[in-house]
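Labels run A, B, C, D, E and F following the written order; every chain starts at residue 1.
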Amino acid sequence: MNRALLSAAEKVELAREAGKRTHHFHGGLRLRHNKKISCQDPVIQPPLPASLTVPLLQHIGDVAEPFVSAGDAVLKGQAIGQCQPCATIHSPVSGTVEAIENRPMGHPSGQAGPCVIIRPDGREQWTGLTSIENWQDANPETLINQLQNCGLVGLGGAVFPTHTKARDGRNRNIHTLILNGSECEPYISCDEMLMREQPEKIVLGARILRRTLGAERVIIAIEDQMGAVQKALTRAADLADCKSISVVKVTTIYPEGGERQLIQVLTGLEVPAGGRPSDLGLVCQNVATAAAVADAVVEGKPLIERYVTVTGNGIAHPRNFKALLGTPFSHLVALSGGYTDDVARLVVGGPMMGYPLASDDEPVVKASNCLLALTAKDIEAPQPEMPCIRCGECARVCPATLLPQELHLQVRNGLWEQAQEYGLSACIECGCCDFVCPSHIPLVDWFRYGKGQQRERALEKTATEQARMRFENREARLLKSKQERAAKMAARKQLLQGKAAQQDRIKASIARAENKTAKPGNDNPGTGEQGKLPDDT
Amino acid sequence: MSKGDLKQILVDGSWRQNTGLVVLLGLCPLLAVTNTVINGLALGLATMLTLMVSNLSVSLMRGFLRPEIRIPAFVLIIASVVTVIELLMQAFFYDLYRVLGIFIPLIVTNCAIIGRAEAFASRNKVLPAIVDGFATGLGFCITLVLLGALREIIGHGTLLSGAQMLLGDWGQHLVITIVPGHPDFLLAMLPPGAFFALALLIAARNAWETRKENTQNQPVTVLNTGHDPA
Amino acid sequence: MTRNFRTSGAPHMPPQNTIAKVMLQVLLALVPGVLAYSWFFGPGILIQIILATLFALLFEAIILRWRGRPLKPFINDYSAVVTAVLFALCIPPLAPWWISCIAMLFAIVFAKHLYGGLGQNVFNPAMVGYVVVLISFPQAMTSWLPPLALAQQSPELMSVGLLASLKIIFSGTVPFAGGWDAITQATPLDTLKTGIEAGRMVPEIRNTPLFGDYGGMGWEWVANWFALGGIYLLYKRTISWQVPVAMIATTVLLSLPFWLADPDSNPFPLQHVFSGAIVLGAFFIATDPVSGCVSNRGRLIFGVGVAVITLVIRRWGGYPDGVAFAVLLMNMAAPLIDRYTRPRMYGE
Amino acid sequence: MGEHLLILVSTVLANNFVLVRFLGLCPFMGVSNKLEGAIGMAIATAFVLTLSSVSSYLLHQYLLLPLKLEYLSTLSFILVIAVTVQLTEMFMRKSSPVLYRVLGIFLPLITSNCAVLGVALLNVQEQHNLLQSALYGFGAAAGFGIVLIMFAAMRERLAIADVPMPFKGAPIGLITAGMMALAFMGFKGLANL
Amino acid sequence: MMKKGLSVIRSSLLLGIIALMGTALLAGVNALTHERIIEQEKMRVLQQLNEIVPVDSFNNDLLADRIEIQDEAFFRHPAPVTVYRARMDGKAVAIMMMLTAADGYNGDIRLLAGIDVHGTVLGVRVIAHKETPGLGDPIELERSDWILSFTEKSLNNPQLDGWNVKRDGGQFDQFTGATITPRAVVRATRRALQYFDANTQALFDTASIKAE
Amino acid sequence: MLISILVLTALGLVFGLGLGWAAIRFRVDSDPLIERIDALLPQTQCGQCGFPGCRPYAEAISSDQADINQCPPGGEAGVKALADLLGREPKPLNPENGEETAKTVVVIDEQRCIGCTLCIQACPVDAIVGAAKLMHTVIESECTGCDLCLPPCPVDCIDIIPVRTSIPGWRSPRPAKVVLTQ
């Protein structure tokens, strides 16, 4: 059966069988896992740092407007910033707002942005929390509002506001919620630790989300190397007496944690290009998001802390933390025994998709799942960048079945239309192509650049279109008013010269008649023909 | 029309806007008949003659031609001139006529000629038109000869072989052997060699022109590994 | 404690594969075939490989210098060596030294660097070099040696040792009485072609000692060893299966009906495969990533195209073998094929 | 049948008009920067070439030969061609202005595409009959079109390649054409016409 | 309407006038050169013939005194063989046969073979061929003297089996790497001699002169 | 000889007639090209091209009244796009029309604005709002940066500022050139 040829409805039907058996996706890489090193010790909650930097942009969307100003006292969990319809930002501690200023804020750009700097008072005094104890009976809309008020965003990396996704899901007949626990990038182990330590919370979150979305069932997808996790999750599901949750193991292959790839593995179907999982009746959320949902709904706790892995060959004692948002990474590094001597690069996220940090002063944000310290040896390339030899390795591993070698040339040379046609926007920036390229071309950098340019061009195009319309409207308006004025003037004139005009008309008709007789050779001077003449010339 | 203008036309036609090397028109004869210098020279002269006569006539007629018959009219004029030349060659240079073959009547379609008629002669007075025809023809002829020389030397190691076809029997003694005992390098004689030779000629001209332009501008030796446009 | 770090885009694990490794893999895969070649046909081929490599590197260095490009990374990538070796495998083992020189000039300078160098050439450099010398010096390029075994058997032929080979290659003259005619012979494909054109039957032609079990004597074994190397490359995923499979399958399938219809004037399909450059071409030449197609469908078309053109040239054309021309012709078509065979993207 | 096939094979492959016979090179070099334009040119040329091949054959056979006016063949052929082209041009300008813009100055210059006159003259030289003339014209145009389109696709790749300065543009185009001619040498002997 | 009609007529008139002037010019030049062109064409053929048969050995009009024979079975080629006869004061001196060998490497080879009345080869020339340049083209006189090796030979010098290339046990050299081309030329020449031998009478028969 | 002259003259006449007829029959009336050219222009409506707005310039290009290199806001990229569409060679911007500059917008200094409405009348895209005698504001997202509102302002209260970029508006930079030295 060719799954690509099915109709949309058939695909949704088929997607209901998600998880029954696993499928393959194109390409991908088997990478060394390197997760063990950070899973040896239990997760600890670090002591409070001297000050916390809470960026006002920790999600996809606009920068939040702060509610507080320098000098204000804040309580733990108090909302300190919001923008409609983004996720709310909360204070992770109780203390004083020292300043609101631009600081490096853990954004991939490395740019500074508005942050609230809070000095903790050490009392850890919570603000008043509103929880929804009886969530089983609550209206989904109430739940969604609760998620929004608690500042929930996807913790799998995209930090997309959860309430938006949930609200959209309610309108789209979601039948299956997929919890993404297949943390596929090397080194990162925060989701695994979470699933080991708090399976009940994840199951609870899954049930709440299921209700919120109106889905029938939940699939928790984990990697086949996480044996203990499966047991823990299944036990938790059994304890909750929840039949609709199943735990599915998928083979470890990067980037299977990518939503589209995971869906392909679970259903054998592809999310339509330019579409979303909800087109198949699916919603995918990270397991940590689910745990945070449980906290938010049952305890009313906003999203102020998350699991963070601090690992890599550049860290003396890699481990996981349950860190408050806003904690500087340097604080966590110090608690992990500090750096080794040959540390050379800091990365937030995994080695494949993470972004580099210029300084370890930057704070933990909602998106920070891992701080990876790499040594010079780790990042040393055996060869400089060379021209592409079109070997096709990149295309073989590309999970989006693109032709990275062609895309690269198109982006590099600004052939935007062609790049569009070759699916630049379908690139998930997974880095597989980059990793195998024998020419060491920074393909993903090029694709990120290209996608940025394309977005820019699209914006420009709408702006241009808008300007054109406004210009044309204005022209039309001016023309109309001019004509109206002229008509008015003419009417006045006519009124004045009524008589004279009449005489003129008589004169004119006499002249026409004379004209006719003066041209004997022309026996058919159709009036239409004459009328058209001025146009013709 | 001052002397300076005419000189300008001469330089433009024969070097700056050289049909073969810059404008890339008239490529077919340029590649097809240049396996020896003499062939090139002969066709070059014939083309030059055609250009001058056609420019002259087009310039004379420039007042009357309406757009829809402009091209047919030019073509008619050129074709007449070329046929005359063809008949004369057939009568007086029969061997050459046979060697150049179909490319003599095809002078008619040498895009350069109609191009000059259209772009220059139909807009200018008679004298500049003739000078332009001469200059363009000269440029074309020089290119033909250069290309012929390049191919003949590389291919055969000789120059001016077959001169008797153009000059009569005494031409036989003009043949110069540049590389004695040259093992024929057939590539130069075959179609691919023609393309390569012209490419090299144009590249040489480009290199010459750019060097002239920026003698003080030192070329940078650090360059990208690949695909970035300059 | 604040520390500052160097930044650079993801991924943060540099690829371990390099161009040099890829090219060395190809060279390694060629070793069995080359050894078999010199076993069956004498040491001339080894001299040709060394010569061609030296010339290739020389021209590569000169042109890199002229273009103002760094020498080291581009000399060390071994791509010029692959070009040289593949070219050397196509020419008669005793071709004079300047053949390599001229061919490498065209391969490295014209076909490769004028197009921008490594990775940007449209045509297969080795084949460009080969075709240039083939059409320019047909005599030198058609003076093939018979297999050593045959030369030792037949009274009118001489076998050529290492010293004699050196002498012939560098002086261009034959130290034996009887000249070239005493040491050279037409290749099996040529014999077949001229034989068929002269109206002889294929079985009858194949009865001459020049032929082996299914290909030419000696040639079939060389082809086998090249195939082995090719399979190694397939296993290593240095080449993808589409080109070799398409090419060999098409050769068989297309020649089969001809053979079935008239076995007397058409060779057996396997004979097509194992004579001439089909095997070498299928695994090493048509697979050149740079001048080939990028998509899998495109590669299939490429392989089919090479095989079809080769057979057409063999059957109706003026050359006994057409692999080199076929590869160049498909190189020409590759950008066009690429334009129309973009693979289906995820979700499309 | 066989003979007609031979004409096609010969004009398209063995004696390709552009690469082997050197006819029609100006549009070959001029309209090959964009694949789109090349395809348009190929189609336009196929149309004009077949049409003018036939009409000039008719002219020659039924007017010039009976009247013993062979020496007027060049003149009258070119006239026929110019008119065919002019009509095509006007038609195209009306029906597809964009294509018309893309082909730019080259459409009127099909007149001076020597392939067109070349076909007419060669038809006479080789004493083709009507069908043969039509096939010859069509084959020539097909050969022209095929190499033009492939050339254009290659040139799109060349446009973004790191070609050495003096070779940028026309020279590398010519080198490529030379390589194509080299490849076409392989068809030598394919059709011994 | 009027204007449009006028412009049509005007264009056609103009084109007509230009055509008229062009044609007038051409007709004039043609009239002047016509004779000479025909002369030139004749000269060319004569030149080829004279290379083999000395001009002073005959005094008839070679171009007029010719016959065409068609014998596909014998010559192995469908093309007619043109035979020019040289006579001195009406007495047979030699013939020249323009024949075609089909078995070249790349198709037909056109040859001119001169045979004197005693059956001795006066000379052979290759008129046209498509053999591989560099391999098969030493049959041209411009490339090598090989073609001269036929001069003075006849059917019994050498004996019949000597009329072969060396590789086939005959007397004539082949070229290194190319046997097919010389083989074809040798065979064609031998056939010409054999045909002459068998049909000497008929070949010189004046009755078959074609009316020009 | 006479025949030949007659024949060819007749041919010329016939063809001339045919062409003349065709010239009328196939005359081009409208030009959809204008739309396509206009679509490539930046719609800044600044008039630097020498035409009162982008569309008039598009019309001028299509009728060969103007060259393709006269629009500074479109920049080199714009010229190239036009050249591609029209099958011409790209050329550098005509310096007479101005230089390609970074994109800007304007703001009205609300303190100094006297509410004269002169700028509103000048703005080709209605990007300024305000009423007579009241303070005016530029809608930043709709301003094309054409600067046409500057000259009429009697109190010089309009300032040009670069387009503000925010962090969400951040775009990945072009990867650095890899430089390999000899």
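Here is the rule we use: a contact is a pair of C-beta atoms (placed from the backbone, for glycine too) under 8 Å apart; a residue touches a chain by one contact, two chains touch by 3 or more.
Note that the coordinates shown come from a computational prediction; the quantities given were computed from them, not determined experimentally.
> Taking the mean of each chain's Cα atoms, which chain ends up nearest the overall Cα mean?
Ranked by how close its C-alpha centre lies to the overall one, first comes D.
> Could you compare the number of C-beta pairs in contact for B-C with that for A-C and name the larger?
Most contacts of the two pairs: A-C.
> With chain centres defined as mean CA positions, report which chain is farthest from subunit A.
Ranked by distance of C-alpha centres from subunit A, the top chain is E.
> Starting from the mean Cα coordinates of subunit D and subunit F, work out the distance between those two points in Å.
That pair's centroid distance is 38 Å.
> When the C-alpha atoms of subunit B and subunit D are each averaged to a single point, how far apart are the two points in Å?
Centre separation, subunit B to subunit D: 21 Å.
> Round to the nearest whole Å and give the separation of the Cα centres of subunit D and subunit E.
Each chain reduced to its C-alpha mean, subunit D and subunit E end up 33 Å apart.
> Considering subunit E alone, which of its residues make contact with at least two other chains?
As it turns out, subunit E has residues touching two or more other chains at 7, 10-11, 14-15, 18-19, 22-23, 26, 30, 106, 133-134.
> Give the residues of subunit F touching no fewer than two other chains, as numbers and ranges.
Touching at least two other chains: 4, 7-8, 11-12, 15-16, 19-20, 22-23, 175, 178, 180-182.
> What parts of subunit C, by residue number, touch at least two of the other chains?
Counting only residues that touch two or more other chains, subunit C contributes 9, 67-69, 73, 110, 116-117, 119-120, 132, 135-138, 318, 338.
> Could you please specify the touching residues of subunit B with respect to subunit E in the complex?
61, 64-66, 68-69, 72-73, 76-77, 79-80, 83-84, 87-88, 90-92, 94, 98, 184, 186, 189-190
> Over in the complex, which subunit E residues touch subunit C? Could you list them?
103, 105-106, 132-135, 167, 174-178, 180
> For subunit A, which residues are in contact with subunit C within the complex?
Touch list, subunit A to subunit C: 4, 26, 110, 186, 260, 264, 270-275, 330, 333-334, 339, 343-347, 349, 351-361, 372, 374, 378-384, 386-393, 395-396, 399-403, 405-406, 421-423, 426, 429, 431, 434-440, 442, 444-445, 448.
> Taking the complex as given, what residues does subunit A use to touch subunit D?
387, 409, 412-413, 415
> Using the touch definition up top, name the residues of subunit D that touch subunit E in the complex.
Going through subunit D, the ones touching subunit E are 71-72, 75, 79, 188-189, 192.
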